[in-house]
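Letters A, B, C, D, E and F mark the chains in the order given here, with residues in each chain numbered from 1 onward.
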Amino acid sequence: MFRLKHFLEQSWLLIVSSFLFGLLIAVTNAALSPRIEQNRINKLNDRARALLPGVERFMPVEAEIVIKSGGRAERIDVYKAESKPGECVGWTFSASGPGFIDKIELVVAVDGNFEKLAGFDVLASSETARVGDQIKEPFFREQFVGAPVGDLIAVRSGDTSAKDEKIVTISGATITSEAVVEIISSSAKQIKKELQKKGLIGDGENR
Amino acid sequence: MAKTGKDKAGIYRQTLLDGLWRENPVFRLLLGMCPTLAVTAAVRPALTMGACVIFVLLCSNIVITLMRDLLKPHLRILMFTLTIATFVTIADLFLKAFQPEMSEKLGPYVPLIIVNCIIICRAEVCASKNAIAVSVIDALAMGVGFTVTLCVLAAVRELLGSGTILDARVMPRAFVPWAAMGMPVGAFLTLGLLLGMVNYLTGRKA
Amino acid sequence: MLSDIKVSCSPHISGPLSTRRVMVDVIVALLFPMAAAGYYFRIHAVILIGTCVVSCAAAEWLCCAIRRKPSTLDDFSAVVTGILLALSLPPRIPAWAAVVGSVFAIAIGKMVFGGLGANVFNPAMVGRAFLTASFGMLMTTWTTPATLDPNMSRIDRGNIIAAREHVIRGRTQATPLAWSKMAIKRRLGGETYDDQFFAATVTGEVGGCLGETSAIALLMGGAYLLIRRTIGFHIPLAVLLSAFVFAGAAYLKDSWTYVHPFFHLTSGGLLLGAFFIATDPVTAPLTRRGMWIFGLGVGTLTMLIRIVGEYPEGVMYAVLLMNAVTPLIDRLFRSVPVGGKPNV
Amino acid sequence: MILADVLDLWSSAWPAGVMMLSLGGGFALVLLFASEKLRVEVDPKVEQIHRALPNLDCGACGFAGCAQYAKAVLADPELLGGCAPGGAATSAVIAGVLSLQVSDSGPARKPIVHCSAHTGDKTLYARYEGIQSCTAANALANVQACKFGCLGFGDCVRACRFGALSKPDGLATVDYDKCTGCTACSKACPRNLIEMVPFKHDRMMTVACRSIETPKVTRSMCKVGCIGCGLCAKQSELFSVAENLARLDYRRYEPSEQTEAAMSKCPTKVIVWRGPGAVEPARSGDERVVESGGAEDG
Amino acid sequence: MRLGIVRSRSFRGGTHAAQKKELTREKPIEPGPAVGEVAVMLSQHIGSTCRPVVKKQDKVSAGQAVGECDAFVCAPVHSPVNGVVREVALRSHAVLGRSMAVVIQPDPQENPPKLPAAEMFAPDFDEEAYSPEQICDAVLRAGIVGMGGAGFPTRVKIEPDPRFPKDTMIINGCECEPYITCDYRIMLEWTGRIAAGIKLAKRAAGCSRVLVGIEDNKPDAIDALRAALEAGGIRNGIEVLAVRTKYPQGGERQLIKAILGKNVPAGGIPPMIGVVVLNVATAAAIAEAVVCGRPLTHRVVTVTGEAIARPGNYYVAIGTSVRELIEFCGSVTEKSAKVVLGGPMMGIAVADLETPITKTTGAITVLTAEQIGKAKFERRRTACIRCGRCLQVCPESLNPTRIAHAVKSNLIDEAERNYMAACIECGCCSYVCPANIELTGYIKTGKIFLARQKKRMPQ
Amino acid sequence: MDTLQTLTVGFIAIVVVKNLVFTKFLGICPYLGVSGRIDMAFGMGLAVTFVITLSGTMTWLIDHLLLIGTPLEVTRYVCFILVVAGAVQLVEMYLRKFFPSLYESFGIFLPLITTNCAILGLCLFLNLWRVNSLLEAVVLSFGAGIGFTMAICVMAGIRENLKLADVPACLKGAPITLITAGILAMAFMGFSGMIR
């Protein structure tokens, strides 16, 4: 019994305060967690909002969308963008893949029919500044606006203004450019198929 | 460093100066180097980091001062760690809620404040030995000293690395930013040279 | 009789070699690649080499002045650094960037460590690495040799900016190594490499850094250094041999994808690195055995980066990485005194 | 209403509280238990120093942790002041612990340089153009004529970590205000010119010479050398002359009329004051320097 | 073994410094000056200093011992002239700075030293006539010390030592130092004496074989010694070998490596591997001591260097001052010069020209300003460029730059870790260093630091 | 086979490509403090490797068994640091008592490591990178330790050489170490992209 007494004598402060600190943390968390959750959703959608004009709100797609990226299955949150009247103006999701240096995370927007890309934005990339980093610049991104959902092709030279499946790579950053092309075309293609399977969008033939 | 002496104001002034310059945590004590390097690519994250450190330092100093007489030697460090970790968690939650972008940018460096030697050092050296007023002043002084240093470092790096200060363009258009300054290289080099400069100015030799 | 006797420790005579002589020898050897650079890149070569040499010298002088030490310009090591930096930059890099690189090379790469002999890393490569990290765009913008593109000899200052606008149209020229990188990606290296390509990399009629294109000029410079005994054969041989073996192994494994090892020897900075950069005595190990290890490391890392990594060229990083372990090599391969370790 | 809110909060918060409670309590238990079971006896002085240290184990001192630094500083007091976080206050405590070790009896020992020849006073045979170190120069015969006097390359100056030594005009000179009596300089001098002398007084009388050459040779080599004439020994029995050199018994030295007389009688004025209380060591102006401008000869 | 194969005998490292032997190579040995004063240093060897056995005003005769001592590692010193002791006083000493000497005023009738007669050493000289003890005793009484430079008492070396049984004797006729030719001249002119000395030493040490190593730039000396040693018909296990001309081929550790292919343990001494090394001049002195009973009072000194008007090889009384020797050779032709006792690689520069020569002074080399200029003075010193040349030439495979820089930064233990103690101070590293760093000087300094540190330890 | 490859690649990646010191700025304090001598640096490296493997594994387990997906997630930082600190202290006491020689050679570094952010940082990164197998967590933690050891030993070698160099007085010590680390970080960029 001596032991227990000794133990309590030494550590009561620690025990009491760890309990109190635990409560403190929990209370703070309880107070702040809704905001944090909201921030998480906003982060994605703020970018998408710029890509899809006229959107009012984003509705998470309830169904589980799983695609294959780099050999692994990955769950993807897809949001349906609705305009004020409530009609579907597009879709948005985030996709990622290996770039030149590290993972590149993109947010991709597609039009309402999932036919044409509405553009993409970079959520996170650590590509070389002013080399691979140029994927953030409009002259590269604009090539994707209006490009078809499906197999995109990266080419070394060509017309950048054409709205076709040919994406002209950034010279000096071919690898990064190809990575972006690959991420977007493969994820969009797969998601389209999944959505079609789930019946959330019409089949291509029905259009 | 229990501060003794009659003149209270003198003690306060000394504590303040110690933190801001004489025992500046970064330049003089070479502690807390990791955040110093990691978050100083730009001024904004540096400021945020500084604010978090001030908050944690203040809270933990206060709590520890209040229970300084109850501390038991064996469990003292454990107690400090617990206190600091708690406030860091709270700071992190606040950041996530109100500064989500910064929170993301700082990533794990916010929780890493827990092991920032500065805080536990102040707890041990100052808070557990002094009255509350001194502890508070000490926390503020050390925290501000740390923050100012971070900002100086960050300002240099941001200016050269992207030509901006607090995201406002400062350098002329023709200036091509030195991307390296935003990378680890820039962090190490700038801090090294800055330290060298401080040593040179204060005539101290390592 | 004697009115002025001098005394000092023995020995009282000394050999003919001096630091300056060594450095001048290197400069003489570098005349070959410099001449090749002048031939292929015309006025740009002159401007770039001039800028780098002058700004390296100025930086060294300034650093000495700040430390209130006598200037060490007269050992010519800053000139060597300047030339080697220039030779390892893209021909049309703007002058201001060359100045930044030179100052960085000398100030951070050399003088902060205590000047000549004290630097851990090869100053020219430190300068180049900083430029690469800072101005990736400028460092990957190449130029066609003047012999292929008669417009080359004109300087047009707007060119870099123009290039930036045209970037998306792929106007800038790639280097053989960028080509090889693509070849690996597209899996058709062995297919497209032919004698003509090989000949171009030997003579130097390809894109690339100012001084790296012409294998023949580099070999001549290297031979001069070897004959003058300014450098030992250990490091260059180890670098080239290990690079050759690495590239050869890849080629044997998959000759469809990977390019012939000869290609790797003659293109890029490998020869420049093997003869002039990895041999920098200051940053290489002291002992023969250490030199073998060092050269082996440089060659292997270079090829690792070229073939497995994503950068098209790895000499610079390989040299810097091996520089970092040079003290460890020196320690591990410390010479044992004749007669074994004394049992003191 | 409020109660409901509180209850609500409680229900979501208690798991965290309990979690931390169990963690904190658990570790407290384990650590307390372990610290008893796994106790290792340590030197009480190390313990004492360790306790004075901030216990941050930050590594700023260059050691693996506070315990290691405590051990090291006990073995080598030169490491004092290595703990940056602890600062001056900690160093003071450690110094206190350390000083218990050195049972210091008698007056503090301070260095005295036994030479008074500045550059102009010495004869040189040759121009030394080698390593600027007394030890190196001393290994060569007769870099300066006097084999016993200060060489003035400052090995002692470099050895002193407190900046207490300088060599104005080629003679090692101690700044007694800065000197801590660490003996480093006396160990550094290859000519053993620096002797640690118990300073019973603010200033000590010194025969600032070590030359045992014959008077004639000494005269030819140095303007201020002791010629062993014995006049001082006639004045005070504290002086003795052997091998052409006068010596003063520092242990027994007390200022007296006799010693003063010895000092004033010395024909070459080689008996001088040294120490914190000495005004500028006897050096009769600059005339000597002028006089002996071309001291070198073949 | 034939010359062709033997040519390549050598060791690892070393340098090919300019030889400069042509200055005195063809100059036969001549008598030295008649001097006004001889100062016989009481310490001319490794070991204890002698105590003077004469007083001021004592009359001494040539060959009389003036300093003796009873320590084991010691050798007595003798007066080279008839005369009167003027004083026992401090004199400059090349190594010790100031040290005691017996200063003797020669008789007015005293003549310049004559060359010793050589005829008594016939080619078939028979050492069997002397017992080993007799030889050792004669060597001891004659005060013979190693004349190759180090001055280790020869008796200690040749006396059988139960700890280190010796089976091989190596005679060092390399004379690898530039400029010096004294050993070369005696090998040509005193061949018989050397041969006799070798046989005597061999008998005293009880070695089964003797190998004479001579650099291959002295073919005539090789031939002469070979003829002398083989003339008796019996070779007695004595062999003359050519070794490669390379500095420091004459270093005993290097010579042993070259001839026997064996390494002496680092920091060890040749007897550890059963070898004893003697210089040719030492051999000659042994012969004189044993056969004629003549103590070591004179030696051949090469006075050379570009600054000397009449360079040559002279038979000089030990105790003669450097100044008198130089003046005897027509003085110097320059005002500014460096006076080196010994050769330019290992010799010691002296400041005081009154310094007397000792038993170990093989040469006086006076280097002109131009020579000096090419060496240490005018050539700009830079920082070490880590070229590694010093490592490559170091005959002991050390890392001179590391040791020297450690000493410079006062990190003596770092220097020690890099085997500073194994340095033989040959000077090769300093010689080749393009940065002109006084590596050898720093290493020597470091050794002194270390010795002092060690001495303090026990306290 | 596939897992083996993943593990190897992950290991190499964390040793060179994502080296904690050069790319994540973790463990800088001991990196500056204990890199003066090679033997000390090596001991420190070993100790870090040991602790980082231990705590990486333990925190991963705690994270996955207790925290993820429960309301307890908020106490993650507190849990992690308590686990790390407690475990290290225990190991230190244990070594000191029962393996004194082992303790002398690397145990003395253990307490210092608790306040080394590389440990906690790695634990947090394991969480951030969503490492989802125990084996991978162990391998990555171990690799992180090896990466640190390599970095600190290289630096110690360089600093031992710099002791003999004429570094400007004001740059001696930490400043020159930082500058060297900067150049090293630049050199390590050569590995970037090698493993994705």
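In this text, contacts are C-beta pairs under 8 Å (C-beta built on N, C-alpha and C of every residue); 3 or more make two chains touch, one makes a residue touch a chain.
Computed from a prediction, not measured in an experiment: that's the story for all the values here.
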Where chain B and chain F overlap in contact partners, by chain label: A, C, D
Farthest chain (mean CA position) relative to chain E: A
Interchain centroid distance [CA atoms averaged], chain D/chain E, Å: 42
Inter-chain centre distance, chain C versus chain E - centres from mean C-alpha coordinates, in Å: 50
CA centroid of chain B to CA centroid of chain E, Å: 69
Residues of chain A whose C-beta touches two or more other chains: 10-11, 14, 17-18, 21-22, 25-26, 29, 100-101, 128-130, 175
Per-residue multi-chain contacts in chain C, two or more chains: 1-9, 108, 112, 114-115, 117-118, 130, 133, 135-136, 310
Sequence positions of chain D contacting 2 or more other chains: 12, 15-16, 19-20, 23-24, 27-28, 31-32, 35, 56, 58, 60, 125-126, 128-131, 136, 139-140, 143, 298
Chains touching one another, given as label pairs in label order: A-B, A-C, A-D, A-F, B-C, B-D, B-F, C-D, C-E, C-F, D-E, D-F, E-F
List of chain D residues in touch with chain A within their complex: 9, 12-21, 23-25, 28-29, 32
Residue ranges of chain F in contact with chain D within the complex: 29-30, 33-34, 36, 40, 43-44, 47, 66, 70-72, 74-75, 78-79, 82, 86, 89-90, 93-94, 96-97, 100, 108-112, 114-115
Contacting residues of chain E [partner chain F, same complex]: 383, 402, 405-406, 408-409, 411, 414
Residues of chain B that touch chain F when the two form their complex: 30-38, 77-78, 81-82, 85-86, 88-89, 92-93, 107-108, 111-112, 114-117, 120, 180, 183-189, 191-193, 195-197, 199-200, 204-206
Complex contacts: residues of chain A adjacent to chain C: 100-101, 128-131, 134, 139-140, 156-158, 160, 168-172, 174-175
